[in-house]
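In the two complexes below, chain A is the common chain; its partner is chain B in one and chain C in the other.
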Partner chain A sequence: MAFIPHTREDVEAMLAAIGVDSIEQLFDEIPANLRLSALAGVPEALSEMEIGRLMAERARLDGRPLCFIGAGAYEHHIPAAVWAIATRGEFYSAYTPYQAEASQGTLQLLYEYQTMMASLTDMAVSNASLYDGASAMGEACLMAVRANRKSRSRRILVPTTVHPHYRRAAAAVAGNQGLVFEELPYCTEEGCIPPGSLGRYDGQDITALVIQQPNFFGRLEDVDALCDWARARNILVIAVVNPTSLAVLKPPGQWGSQDANKGADIAVGEGQPLGVPLSSGGPYFGFMTARMEHVRQMPGRIVGRTVDVAGRAGFTLTLQAREQHIRRAKATSNICTNQGLLVTAATVYLSLMGPAGLERVAAASHARTRELVAALSRVAGVRRLFRGPVFHEEAIALDRPVAPVLEKLAARGIIGGLDLTEHYPELGPALLVCATETKTTADIERYAGALAECLREARAA
Partner chain B sequence: MSTRIEKPIFEYSVPGRGAEDQWPRDPGAAATEDLPAALRRTARPLLPEVSELEAVRHFTRLSQLNFSIDTHFYPLGSCTMKYNPKACNSLAMLPELLARHPLSPESVGQGFLACMYELQEMLKAVTGMQAVALSPMAGAQGEFAGVAMIRAYHRSRGDLERNEIIVPEAAHGTNPATATMCGCVVREVPVNAEGDVDIDALKAAVGPKTAGIMLTNPSTLGVFERRIEEVARTVHAAGGLLYYDGANLNAILGKVRPGDMGFDVIHVNLHKTFSTPHGGGGPGAGPVGVSARLAPFLPVPMVGRRGERYCWLTERDIPQSIGRLSGFMGNAGVLLRAYIYMRMLGREGMAKVSEYATLNANYLLAQLTRAGFDAAYPDRRATHELIIGLKRQAKELGVTAMDFAKRLLDHGMHAPTTYFPLLVPECLLIEPTETESKAALDAFVAAMSEILTEAAQEPERVTGAPHTMPVRRLDDVRAAKQLDLTWKPTGAHAIPTTS
Partner chain C sequence: MSNVPSDLKYTKSHEWLRTLPDGTVEVGITDHAQHALGDLVFVEVPEAGRKLTAGEAFAVVESVKAASDVYSPVTGEVTASNAALASEPEAINSDSYGKGWLMRLRPAGASPPALLSAAEYEKLIAEEGG
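Moving on to the complex of A and B:
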């Protein structure tokens, strides 16, 4: 029990070496009145076999329903090699590579990861990851305040088409430092931000503009016009992007129409689609890339290539003067760990996909979503909610309240999408749906058939 | 461990190659014809084009360039590098658990939510706190949540002046960094020669601006803060709250609880005490526990129970919450691993962890002292970790703590934490953990003794270490000045990658 290897003889020899009679004596500096006599509230120990059985029962209870939710977490095929590599003990049970000479594997992998993410987003530098997409957006807003020395307002414009949980997390992570998040309303017909609506901010001191592409509704924003507007006014652009989409969509480094002055300043997003299982929300990883001019304002670990005393190439954590263990109260962030294991998985995933494979994943996911929306739109009482292009996710309107319909679908083993009513009540009964390459035509037909039935039942009731 | 340099994966890449069996079928160009040209990507990203075998071989070889718990003794102080049981990983990766979407309805997730609810309950029991929220994704985020709750608490009482966070000078760097992230000002208090907080200095530091104090107990000096009750009384009397940094919980698990010591809020590093993997630097998980007065401010979502059903508690249920710290519920898979580990330890196993962790640390302290090393606090018990200072050796032999650390790598042992805490010059902070055998500890003492002898006879072997790793000491100044953060396909950054 407790994975302790000591024999009785070991314990006796050790106590003798220390010069005490019992293990208990080693705790004699703790005031006696504070000592705990019994630990109620923790059940008795289970053997590996018993916990195995318990977990299998719990897992069976949750089953494997057919899932059509995206909303920031996407079910993609994960090649078998990805987690076979990531759970190798040498990656799984190592720590942050402080001792560079004994951590070249992790360090080189992070360097390769930084290269891939910088290229995917078309930005100059990448850090070694943050916790997740939502908290990465909060860190990006804090970073923008440090990086935009021309702005004093700490005002960040955040469209309401940005994931509602991201907006809340950013406010929670950054709000204590005096940042002001101002919500930009969206067009309820189009489901995106009309660039013309930014005019009312002309002449005002704004620190940064956040743009999510594709946005929470799956709609494509006019990123060129939005980016042009911001760059012309010394407003930093924070891109929030889906990494899979970047195989086919214009990367943040290319946003804007003016060759001389284009590109976002910081790109962040949720890394989960790159080989990380849905797993009820985590662990995922947040990625962050930026223009080179902002590198010293970045939070999190960064790996650099250098040479050893013999002149051979090697890898090490670098720019550590930004970090909490050196700068303490003046650090760029309190962040300490990154999400190393998930980055390991993502780096293997991206290596197996390559540029062509990732493009296929993106295109196949998009094609399945189009097929799904077409099939659902044929169901009586269902229509597409917004006009205009989307990427691999779309909002649909129902003619009945969403929640009871979703419950009926769940009872049929189908998770039909995300109810938009809580966050966007102005849209009426609306559902955000998504399909990826993991769905087949049969899956989609099954969903469409079940939705038709559920809506019929709802109308009859 | 291999010492063979492995070239960057991009140098294996050949245009047109790829792991096609892992890709979906080609949906054809028509699949994306609806995407407007202006919004499309034009140049392909720099991703490698390799076969599955090439990728597997490359990353397996990279793994072999690492030290890890599974392969090496890893006594990294303050990090609790204990064995990560294999069952915790395999059971957290059951297909149903991996496939569950975070926004699935509660009806599809009663099994998962039951685990999370029970984890909250067990963490309450072992910490002595009244409520626990699981969502913080690392220790540093748990700290952030804790200090944000302290601020929210004072604000809710109209007590707007309290913005000072007191930290002992030996605190982890995350403590002051967290205070700053929460918009607070940091005030450091000194520690006395015995390693306890200087109570007189503390009394002078507290006042109407005190929001709270952040403490680790046992402290980062590897000793138990004996006057903790007086610290608590002093801070509470001044109107401040006590924050417990759970970094060293392994030392006291099942023996004494932060809640009983007077702490109002704590975070627990599940990747330390509850043995979830460190993963090369994450993911961690930093659940927070609070006393009743801070419960209204806990981060969301939490897991509740209504009758026989488990449910999410969100902003609607906890309107004064400090909010969401992540896109969903935090590092669920890490939480599952900790849940499984805690169920395997059970009530009886909890105290065994701290007992054997403490036995191992005190044994190392005794044996290292016998071998001629200087304990930083010779008159104190070690907790789950110990500090030795190499100031004497540095002066007499010209061999530093860093040199010892690097030479240990040649002995097949990961270095202890070096130069932390900053208070003890030339220090090594050594944490063996309970899962190491006496034989492993004896081997460590033998290696340290050998290095000490070598330092006297052949110091350049020590100052030039390591000699058997894939690389020797790296030029950190060059790394920071000539930034090379991404691989370039051209010869512009022509450092030879093989030799």
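Moving on to the complex of A and C:
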């Protein structure tokens, strides 16, 4: 089936009208060395029947493992109503329709989403979403450079306790625009940034500080001290937060100890925990909220509430002068869309859960993780890696290399966590584990028992 | 018909420039420019202390129709900017040569750049169909 409705005659008529011989010729001004003749690694198209069979086989390979891996994507219960509503014809679309005259339902949903995210993060304004948490952090760094007009350095401090993939994505998104990312080392005893270690940046021109809470190790950073330090020096604070955690932790809008002028400047994060299945890594969505003073530097779309000519309430895209179709090359960002379908699911999820429901999910996930770490710590050769509180994941140390142990666990149908060795070799054999409300005591005991066996086998080998 | 005061200097990109008694210069956008943009809803002005090169964008004016950069007519250092525009951007529509000023700056170097006289600017906007 052809998805392009133009016939060959249509195309020829249009080319003749503008005096061009071929479609190819329209792209002549792009230098040859910047063009790809083919996409490497992308195979020939398959038929619907072939692709259906291929995907069913791939899904079978995944099996139904017991999953204790978090590290940025989290397995939460998704009420059946979420996707039953999100896939209704009124919402289900390959491309988000924004025309106010045709899309009041979609625009109202996005407005409700923005309201929920602003409320959850305790920030003044939200956009209609970005692609994922990692690229949202990159966009937040670019936004901070635009918004912090007291700083000219484009230097962004990024703790190594920020998700390694987020740091890579931010460098990819923003690195070619002259931003300089400086890594802040963490305390290997505590798994956090010691606020005192920031003193060596006193008096320097720094544009922004990124703080992930909970951090990549699941540990809670001293966000108040970090935020106070940055705000006292005209350094913007970019919060990277887990939305589930905000039901029980202090939201970024309240970070800092000063009553006046407290809070992060920009909050971003991965929206997947809000009703989006893990599905092999995507599609997910990123969220971004900010202080009102920075709203014109925000990337992406923003829906506003207004009145029509007859004075009736309605919804429409607003502040579009930031965007590409108006500002062209000087747009704040090249993002002119949002993750409509995923945001629909998240909005339905949040409205079904409500604040009390989300708090129960967060509290249960925290309790399950504590139970998991307690059970694993009783296994010979396993210990907790860091002192101090966590939200719903924690790093544990093993007495031998992690990768072979994870393989043995996988053979028993258990995904045991994320091997930290690749990104944090200084920690020795270390494993990041997570339990959400989806795990039972029996699941946790099964994992602890299997881990004991796997370690015994590894020791014997 | 646009208002083009005879005591100011102008640029081809529709900024005006007024030399103040203390030697600093005040810069804004012309009546013709505000008229072409329509109702202004937001103005971003530079921080005092910022060093600008002639031709460099120093402000953004956003109307219901478009957002446009405003370019510095001269090289120098910003001494003040019009903070009142944050809450009252429409001052540029109503009084572009007075309350609608954008910034003041201290020019660097002695030789003034090639700016247009009021008569030359009137001719320019007449040619542009304004």
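One rule holds for everything that comes next: the second predicted complex is superposed on the first by the 401 of 461 C-alpha atoms of A that agree within 3 Å, B and C clash if a C-alpha of one lies under 4 Å from a C-alpha of the other, contacts with A are read in each partner's own complex, and residues count from 1 in each chain.
As a working rule, a contact is a pair of C-beta atoms (placed from the backbone, for glycine too) under 8 Å apart; a residue touches a chain by one contact, two chains touch by 3 or more.
The model shown is predicted, which means the values in this text are computed figures rather than measured ones.
Engineer: So, A:Lys330: does it touch chain B (first), chain C (second), both, or neither?
Structural biologist: In the superposition, A:Lys330 contacts both chain B and chain C.
Engineer: Contact-wise, after the overlay, does A:Lys150 reach chain B, chain C, both or neither (first, second, both, neither)?
Structural biologist: second
Engineer: Where does A:Ala321 make contact in the superposed view: on chain B (first), on chain C (second), on both, or on neither?
Structural biologist: After superposition on chain A, A:Ala321 lies in contact with both partners, chain B and chain C.
Engineer: Spot which of chain B and chain C makes contact with more residues of chain A, would you?
Structural biologist: Here the partner covering more residues of chain A is B.
Engineer: After lining up the shared chain so the two structures overlap, which partner does A:Arg291 touch, if you call chain B first and chain C second: first, second, both or neither?
Structural biologist: Neither partner.
Engineer: Under the contact rule defined above, give the chain A residues that sit at the interface with chain B and also at the interface with chain C.
Structural biologist: 321, 326-327, 330
Engineer: Residues of chain C touching chain A in their complex?
Structural biologist: It is residues 42, 44, 46-47, 62-63, 66-67, 69 of chain C that touch chain A.
Engineer: Show me the residue ranges of chain A that touch chain C in the complex, using the header's touch definition.
Structural biologist: Listed in rising order, the residues of chain A that touch chain C are 149-150, 296, 321-322, 326-327, 330.
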